[in-house]
Every structure is written in structure tokens, then in C-alpha cells.
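The structures come next, written out as C-alpha cells.
Note that chain A is present in both complexes that follow, paired respectively with chain B and with chain C.
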Partner chain A sequence: MTSLAIFSKDDSISPRRSRFVSLLFHTLLMVVSIIMLYPLLWMLSASIRPEAEIFSSTSLLPSAIDLSSYWKGWTGLRVEFGQFFWNSLVISVLSVAGNVIACSLAAYAFARLKFAGRNFWFAIMLGTLMIPYHVTLIPQYVLFLKLGWVDTILPLVVPKFLAVDAFFIFLMVQFFRGIPRELDEAARMDGCSAWRIYWKIMLPLSTPVLATAAIFSFLWTWDDFFGPLIYLNDMNNYTVQLGLRSFVDSSGSSQWGGLFAMSTLSLVPVFFFFLFFQRLLIEGIATTGLKR
Partner chain B sequence: MGNKMTGPAAANIAAAGPPRQKTHIPNHPQRKPQPTSWLGRAWQGSGPGYMFLLPWFIGFFGLTLGPAIVSLYLSFTDFDLLRAPNWVGMANYVRIATSDPKFAASMGVTLFFVLFSVPLKLAFALGVAVVLNRGIRGLPVYRAVFYLPSLLGTSVAIAVLWRQLFASDGLVNSILAEFGIEGPSWISHPSYSIWTLIILSIWQFGSPMIIFLAGLRQIPGDMYEAASLDGASKWRQFFKITLPLLTPVIFFNAVVQTIDAFKAFTPAFIISGGTGGPINSTLFYTLYLYQEAFGFFRMGYASALAWVLVVIIALFTAFSFLTARFWVHYDD
Partner chain C sequence: MTTSVVLEKVEKRYGVFDVIHGIDLQTDPGEFAVFVGPSGCGKSTLLRMIAGLEEISGGALMMDGERMNEVVSSERGIAMVFQSYALYPHMSVYKNLAFGLETAGYKKAEIEPRVQQAARVLQIEPLLQRKPKALSGGQRQRVAIGRAIVREPKLFLFDEPLSNLDAELRVQMRVEIARLHRQLGNTMIYVTHDQVEAMTMADKIVVLNAGRIEQVGRPLDLYNHPVKRFVAGFIGSPKMNFLEGVIESTSADATVIRACGASIKLPRALRAVESDMPVTLGLRPEHLNREETGGIKLADLQVDLVENLGDETLLYARSPDGQTINMSLAGEQVIFNGSTVPAFFDIAHCHVFGPDGTAI
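Let's turn to the complex of A and B:
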């Protein structure tokens, strides 16, 4: 069915036929959309329906709204989920700050400052993008263990202040290079220091890229499972993702209502970013090939 | 452009105008007295650059390069976190290559996952992007809907949902039951469990789709017009214009998604409860590495596993770049 019409803004076929084709594609896209969204909507509706109904129904509309799952989920573990949300928020916000500050400092040096060996270090920085984290994982763990940082948020946050997420440096270098050089040349002629140029000229002109970096680092940190899994042991320090995992382990399938309620809640911040920053997210992906 | 200014380029600039911030600035109004020592001059040239890079340098040496070297060393030891590491030579690598059935199983699972999830995901992404690119009404809405799963997909919540969807009494089987089909327990059946993870990966086709859409927009419309005038069918136009001009984007997506698929961890961990079961059928390589390192604390062995993963990813990437000459079409 697809062979003729897929790729056309077509003049050669009749209007009626083209309307038919367009209808066909809309139907197809809608079916795909529904299949894509169905699980998400089903989870949302499972979280607000009476628990007994969860498995008896494939429908998206609950027979009655029952929010008790949220309460059961919130208090379902020996530490309340509020604590996990707080921990996740703290780690994510600090990670955003770290990434934005440290990566923009490095990016400014690479994009604008002259220093011996700049191209060499730039190449090295790009090289670190290729290294899978597994290679540094174990020695890093040993290092943080020796520092007494295991079971604190430090191993999850401090690396961000050391610009370990080189991807953001790359992203910012690209952006900084697009800012007209005349601006900082002029400032330098007037005796502006490198620091003031960075702070008063580059950063204010770079809000789009800083926002993109901030949003992606928030989302990646919020969703991160592996880091917290390794470094956080005490339940009081758990992030939301770890809390969900404990919930799965402790309740088996007996408490699906609470589990779905907390799962839904854990997606709310991500969904919020999706709603309000969609344009930045999509541009970020389209122009740089960011994953996700 | 900044980065290109070395060698000949730097010479051009020096000829064109006063050099900036090199070791000395002859035509420049000087605010500070010129330092006379070699060190002082070097500092004035390179100092600010290195100051700005300081956090990155600490991170690079302390958290990337240093640990990478240590990890290479540990991979030749029997380090177990408690005692000092003993040098065991190639023993870890020999064991990986010859007598570790779990390594073979996990590598098999991972390769299977990569070989099926990546092409299927990309095919979906490309197909939908091509349909969306014909100027369909409501493009932003469709794009948003298809993108949402990519954004949510890596979180534990989605893995939890997947575990329910494909459970024996899960949503998928409830729907099948309405058609009178009795579905198996997908996640606890060794031959289906990996497919639930592949489907999860395909479900996240949104971000490669966005990259394809951006690529499709680069193709000039008059190429299609010319082809239509010459009587080329739409199908032919797709294979002769769209596909060849899109090969660089396809290549990019394929490399990124492949590397990502090799590193997948969270869904397999959650869906199998951390075991990689049933019967190692979802034992992703990274999951096996995690078990060895943080389950059994065989950190020397896990380091060797990590380096094997690096080599495999590097080989895959090198292979892609080598074959790229034969199928990736670069215009210029």
C-alpha cells in the first residue's frame, strides 16, 4: 500500500487520490501514536483506579477514581518517597550547576583563549567522549571509597563540577564559536580580563546552550540508575529510581497500585520538561545528535 | 573556527593583524609591565586558558585518565577490594576467552540485542520520519508523541511498567486474551524475554527519528521535482535520492545507537530483578560486569571485562567507519 505515495508533495496524482493518501497516512500515524502512548496512559489510569481493578481491565478509563494508591506508594517503604524525591532533586540540581559552570569554563577556554597545547587538549577532550564509563568505574569506586564518599551524594555530584561530562563542553564550544569575535575583541581592547569577558559577554549571550545543557543534565541525572545503585546504600539516601527498584523487590507483584503511582510520579518532572522545553530538547537532538 | 588556528592558520593571522595573547603583544596597549622572566611570559600567554580549564584538568587526570590506567592495571590482577591486588598476568583475559560460559552468554545476549534492536529501531525511525516529512498536517503533535517515549524510556518507572506489560497476567496478555489468544509469560520465558527488551528499545525510536527529520529537511526539493519531470516513480525517488543523500545521517544514527545498545543496563536489571535471567537470557554484558564487580567483588576480573567491552565497541566503530566508504554518500 505504501509504495506509491509515501514521499510526495504530489502534483501528478489527482486531488481525490491525494486526499485519500493523506487520510491513510493520518490513520497510520494515529494508530502508531495510540500504540506508543497506550502503556503510559494505562499506567496513569492504573495508578488512579481501585487496586482490585488493575488487572481485570485493559480499558483506560477507571470505573472510579481512587487515589489511595498514591498514599500506599508514598509510605510503602520504610522511608517515605518524599525523602527519595528530595534526594533526587538535590543531586539533580547540584549536577546541573556543576555541569553548567565547569563545562562552560572549559568551553570558553577551548573556544576563545589562546594557550599552549590548546588543540592537543581539545582533541583529548573529544577523545574522552568515546570512552565507555565502565573503564573508569572500578578505580573511581575505589577512590571514592577511600575518600569515605560512598553512601553520600558526593560521588554523584563532584565529578559534574570537574566537567566530566565532556559532551556538554563540546556542545558549548560549538555555540561559543558562533558568537561574533568582535564583541570580545572590543572588550579586550578596553582592558577587560578574560574572566570578565566570560562572565559579562559570553555567558549572557549563551543562554540557549546553557539552558539545553541544564535541561539534559537534569534529565540524565534524574533518570540515572547505575550511579546511585553503586554509591548509595542507606535507604535514607536513595534517589527516586532506587526507591522504585526497592519497591519492586520488596513488594513483588502484590502492590502494583502503589508501584504504578510512584512510577507515574517519578516521571512527572521529566514530563514537565517535555511540555515546557520541547523546542530546546528537539533542537538539541536535531543539531547535535544528543541521544534521547 | 577558533580551533583551527594553528600552524599555517596561525601564521595567516599573525600576518593579518596583531597576534592575540601569544607570548607577547607588541602593538597592544599594555596595562601591566611586561614580565621579563620566561615563566612570567608563559603565564601571561597561557595562564588564563589553563585557569579556565583547571576543573576539567582535575577531572580528566583524577577521574578519567588516572582511573583508566589503574583499571588497565587491575585487569591483570585478582583485585577484590579487600586485599591488595596480586598480579596474575593474562589469567583474567585467558579465562574470558576460554572458560567463562557466562561471558559467552552475556556477549551473545548483547550482540543479539544490538543486531536486532538497532536496525529495527532505525527502520522505524526512518519510516516514520519519511512519512512525517511529506508536509503532513499536525507534524509537531506527532513528533512530540513519538519523541516522548525516548525521553522517558531509560527511567526505572518505564522498566517497571514493561515488567508488568509482559508479565503472564500483564496488559499484553489481557489484550491477547480478548482475541482469544493465550500469551506466554513473556518476561519469564527464556526465548521471549530478550524480545521484550528489544521492543522497549524500538519504542524509543523518537530521537533518531528527529535526527532523520533534520536530515530529510536538508535534501533540496528541486531534486525531487527534476526526478518527477523525468518520470521517476516515488519509490525510485526514495531509493535514488532520499536514501543515498541520507546515508551520512543513517551512519551517524547507526553508530550512536550501536554504542548505546552495547551499554544498555537499567531495563535488563529491573526486568530480570538484577539476575539477567531467566537462564541468562537477559544477561546484558554491562549487567554481568556489574554482578562481577559489585555482586562478587571480583574487581580485577570485572576490569578485564570492561576493557574487553572497550575493544569490542572500538572494533565495531572502526568496522563501521571502514565500511562507510562503500555506502555512505558524501556530496563534497
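Let's turn to the complex of A and C:
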């Protein structure tokens, strides 16, 4: 009897307490997310309020909706902003393609093919992860200058086709190693060459890791400011990030409204790209054909 | 299409480790050969060497008299069924079956009837559009076999294909594979660690241990005349009893062995034995009997445990000198744990092994 009573007492208390804890928890999370989102919201609101109000008002809500910043931003520079979007898109898409193709090939070689010094080269490749971009910047610049590639998109794109991104290779090697070797062997018995195994077996089973590589490639190239800053001089070749920088003028005639309006627009492709590829991330199908 | 497979002094080395030590073996056309042995004995490695998935370090693999060591797997005319089935998870059953033919450059019109034919043989026609993940274990197994059949190979290799199935399905698939072998008539090599599979399916059993062949022969030859203690212990279930004994006396037409506290007279001479030599007496549980008509008396056994299986009764018992002896009696028997039961055996079913484990 007593134990029963204790149980019922406990039961009546615990849901109420857990509800309180969960309320506290959610409030805390909401506060933190608002803090995180505040700069983004501020930028959004700055892009749609009258330019004079941008730095004078602390409120997130604009006194009036004024979309003229978008128009001014789009046409306010010497080169129309659409050109920057186009340049960025070309570089990003080529980079994604290059990274996915080249890194998956390199990863396939490291994961499945036997060749002399495989482990040594793998270690060297991983070693490149630890070299900061800025260390190789000057020799690289000299190289591309001698090739006559400066002020073209080639220095930003061509290396991607040579599997320079060790991070993606490593990611894919790990994934490929998880694909059962018996599938390769079955394919070999079916008469497949290494190429065909890569193309017909490995790639279709690797959509999650390929999508991951694609998303990050796109994000990193789209957001890259430093690379384009170094290699692109002519304003016609500028990327979005360089274009945004051009709104801020050292002589004091900065167009802040245009800057925030175009910054907002620059998020749109990233948003949609992520939306499309994240579906592929969710589920890998690599092992479902095998009984484990 | 049948083919003969001959292994001549085949060896496998991984660095300095010898895994397969010079194996000689002949498989006749149309034969169902089973490689059996404990795990790590090299049976799968040997199969993979025949398949071309492992390099042959020494010796020769001959198929129909032709050396195959350097020929790539896909050109050896071999199809293999893997333990994990290794179905391509992103392809439908139809695509799985057709993939090998597509790779070989067959046209759609040639592929279609062959896939349909294989599907008919294995009764998987309704499954052709499904993905492997939507199939049960037995269905996946069938698809894996189907993938082997469509290529019309000269030789089928099976690498423990039934070990992932539950007991009931295993028996069913065992029968189906045996039937398939009769229907197709191809040479098949089958690897298993399960001696029951080996006994029931094989034309020829190859017992392997530690990278060497212990014995090759028809199932019942191995059961009745094992040449090694290892083979005797491996073939047959429940396992053969091994009793330690010594030679008491030996003459031209009789040998007396002392084991379990009794003197057992065998009416035959044994090779290369002398008095006081330790030997091992091998008696299968099913050859032990508790009736006097059953032959020579071995000993009175102390029964530790009785298992009534209905069709047979298993006794786990001990001899007076403490050696474990199992008995398998036909039908239902009324025997209680802890009771004493006399054990008799038929002299014709008694095996004797020398100190080095060979039958004498």
C-alpha cells in the first residue's frame, strides 16, 4: 500500500516538473537562437529600410519599407551586380564539379586500388590538410602569374579538378571503405574494370558523401573572398563577395543600403543549393543489399 | 557445359606466412565438390584463388587442361555466389541479373530472355522489379544464385552461401542448390564449415585443415573410413568419441587395446604398432549400443545428461576412468540422469588412430 502511494505521488509530480524544465530549456534555446540570428535579421531589416535610418535606429523594425536599396545596389556600381552573380555561379559550379569528380577518383584509388606507396601518398595527402592556405599563396600566385592565368577564373577553378582538397578525399575514402568489398569482387566477377566499378557501383552508392562534398564545395567557393581578391583584378571578373566589398568606399561615399540589399540576395543561391542537396544527405543506401 | 578443375601444388603466401601449403586436387566435370573445414583452414582462400580474386603464389590452376593463373576472373568462365550475397543495392533484381551481361556487351534483346529464364528456374519472376532491400534472406540468396546462372558459367563457386539463413531456410536452399546442380549439370565448388551441408550435397568432400588437405573422398567414404583423426572428428554429428588407450598385445590376426578399464580385442592386426604404444580409439555415438547384441562391451557408463529428441536419445556420459563418451540411441529411451548404462560397440565400426593422428 505504502509503496503504491509513493508511486502515485511521484507520478503526479514528475510530469509537472519535467514540463517546467522543458519550458526553461526552450526559453533558453530561443534566447540563444535570437542572439545568433540577430545580425542576420539586422541585415535583412537594413536592406529594406530607408538608407538614412540604417545606423541611427536600434529597432529591427523599419519605420517604412523601402526597397530602393535593391535597385541601387544592383545597378549602383560600374558593373551591374548580375555580372558578379554570374561569375560567382560559374566558379562555384565548376568548383563543385571539379571537387566531386576529382576527389572521388582520388579517394577511390586510395580506398580500393593497390599501388606502390599508397599509404605513403595517403599520409602526404593528409599532411596537406595541415598547411594553411596562406603559406602556399605566394608560390601559387607566382606560378599562376607565369602561366598568364591571373585575372581569369582559372586559378580558382582548375586546381579543383586536380583533387587538391584533401578534406574531401579523406571524407570519401572513409565512406568508400564502408562499402563492402564483396560488391567490388562481385563486379569484378561480372567483368567490370576498375573504372566501371567506380562509375557503376561506387558512385551510385556514395550519394550522401558526394552531396556533402558538393554542399561544402559550393558554400566555400561561393563565400570565398580571399582567393578572388588575389587573382581577380578587372571588375568584370569580380565575384559577389568582391562586388559587396566595392560598396564600401574608403573615401567615405559608401552605399550601405546597396551593400545590405546585395548581401541578402547573395544568400539566396546558397539557401536553394542547400535545400536541394540536403535531401541526398539524409540516407545512405550502401549496405542495404547485404545481409550482415 | 562442364569443366574439370585441377589444382597442382597450389600455394598461397601472405608475405612470409604460408596459408595454403601446396594443394593437389582434381575436380571432375559435372562434379559437386565441397571444401569443408574449420574457420581459418584456408577453404575460402582456396576458392577465391580459383575465382581469381586472390593471386596464386605457387603452383598451377588448370581448367579443362588450360592454365588459368594469369587469366582475369571474368574470363575464367566462373560465377561466384558470395556469403553476403553481394547484390548491388542500388539496382533492381532485374538489373542485378543483367549487369554481368551488360558489362560483357550483350544486347538488350539477348539479355532479356536469359534473365527471364534464370528467374523462372529460381522462381523469382515476381521480384524482378524490386530492390534487394525489399527482399527476404532466402529471396536475396536466390537472386545471388540467379546472377551466377545468367552468365552460363562453366564453373560455379559458392562461398558459404547458406550461413546467413535461418535453419529451416538453410535446409530448403540446400535441397534447391542440389536440385539446381542436377538440373544444370555444371561443375560446382562449394565452401562450407558445416559438415551436414558437405555430407548432404557433395559428390566429393575435400576436408581442409590449416592449409592442407586432410582427406578427399565421397561423403560416406569419409564417414566410414576417415584416414585422420581430424577427419573422423569433423565428419559426423554428434562428434565421434575419442578414447585414450594403449596397445596391450599384438599378434598376426588380433590386437588387444586397453581403454576405459577394459581389454578390447580387435580381430585384425594393426600397422606399425607395438605393446604399450598409446593409441586413440574412435567410436561414433550412433555406433554405441546398450544391448548385449550390439557387439563387444566397452564399459559401464555413468550418464550425466540425457537429451530426448524423439527420434533419438543422446546420452552424455563418462567411462569408469573419467573419459567423456556420448551415445546416440535410436528412438525414445527411458534413461535417467545419473544412472549407469552399459555400452557395447560393433567391432566393424571401431577406428584406431596412432599417436600422430593417422588411422591404423
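Just so it is clear, the second predicted complex is superposed on the first by the 243 of 292 C-alpha atoms of A that agree within 3 Å, B and C clash if a C-alpha of one lies under 4 Å from a C-alpha of the other, contacts with A are read in each partner's own complex, and residues count from 1 in each chain.
We adopt the following convention: contacts are C-beta pairs under 8 Å (C-beta built on N, C-alpha and C of every residue); 3 or more make two chains touch, one makes a residue touch a chain.
As the structure is a prediction and not an experimental result, all values here were calculated from the model.
Judged by the touch definition given at the top, the superposed model places A:191 against both chain B and chain C.
By the touch criterion stated above, A:269 is placed in contact with neither chain B nor chain C.
More residues of chain A are touched by B (comparison of chain B with chain C).
Of the two partner chains placed by the overlay, only chain B lies in contact with A:106; chain C stays clear of it.
Of the two partner chains placed by the overlay, neither chain B nor chain C lies in contact with A:257.
In the superposition on chain A, A:76 makes contact with neither chain B nor chain C. In the superposition on chain A, the residues of chain A touched by chain B in one structure and by chain C in the other are 185, 188-189, 191, 285-287, 289-292. The residues of chain A lying in touch with chain B in their complex are 3-12, 22, 25-26, 28-29, 32-33, 36-37, 39-40, 42-43, 55, 57-58, 101-102, 105-106, 108-119, 121-122, 124-125, 128, 130-132, 134-143, 145, 159, 161-164, 169, 173, 177, 185, 188-189, 191, 193-195, 198, 219, 222-223, 225-226, 229-230, 240-241, 244-245, 248-249, 253, 256, 259-260, 262-264, 266-267, 270-271, 273-274, 278, 281-282, 285-287, 289-292. Residues of chain B that touch chain A in their complex: 1-3, 6, 20-22, 29, 31, 42, 45-50, 52-56, 58-60, 62-64, 66-68, 70-71, 74, 81, 128, 130-132, 134-138, 142-158, 160-165, 167, 169, 171, 174-175, 178, 203-204, 207, 210-211, 213-214, 221, 224, 228, 233-235, 237-238, 242, 252-253, 256, 259-260, 262-263, 265-266, 269-270, 273, 286, 289-290, 293-294, 299, 302-303, 305-307, 309-310, 313, 317. Across the complex, chain C is touched by residues 180, 182-183, 185-192, 196, 200-201, 204-205, 285-292 of chain A. Residue ranges of chain C in contact with chain A, taken from their complex: 51-53, 73-75, 78-80, 82-90, 99-100, 103-104, 131-133, 137, 140, 147, 151, 164.
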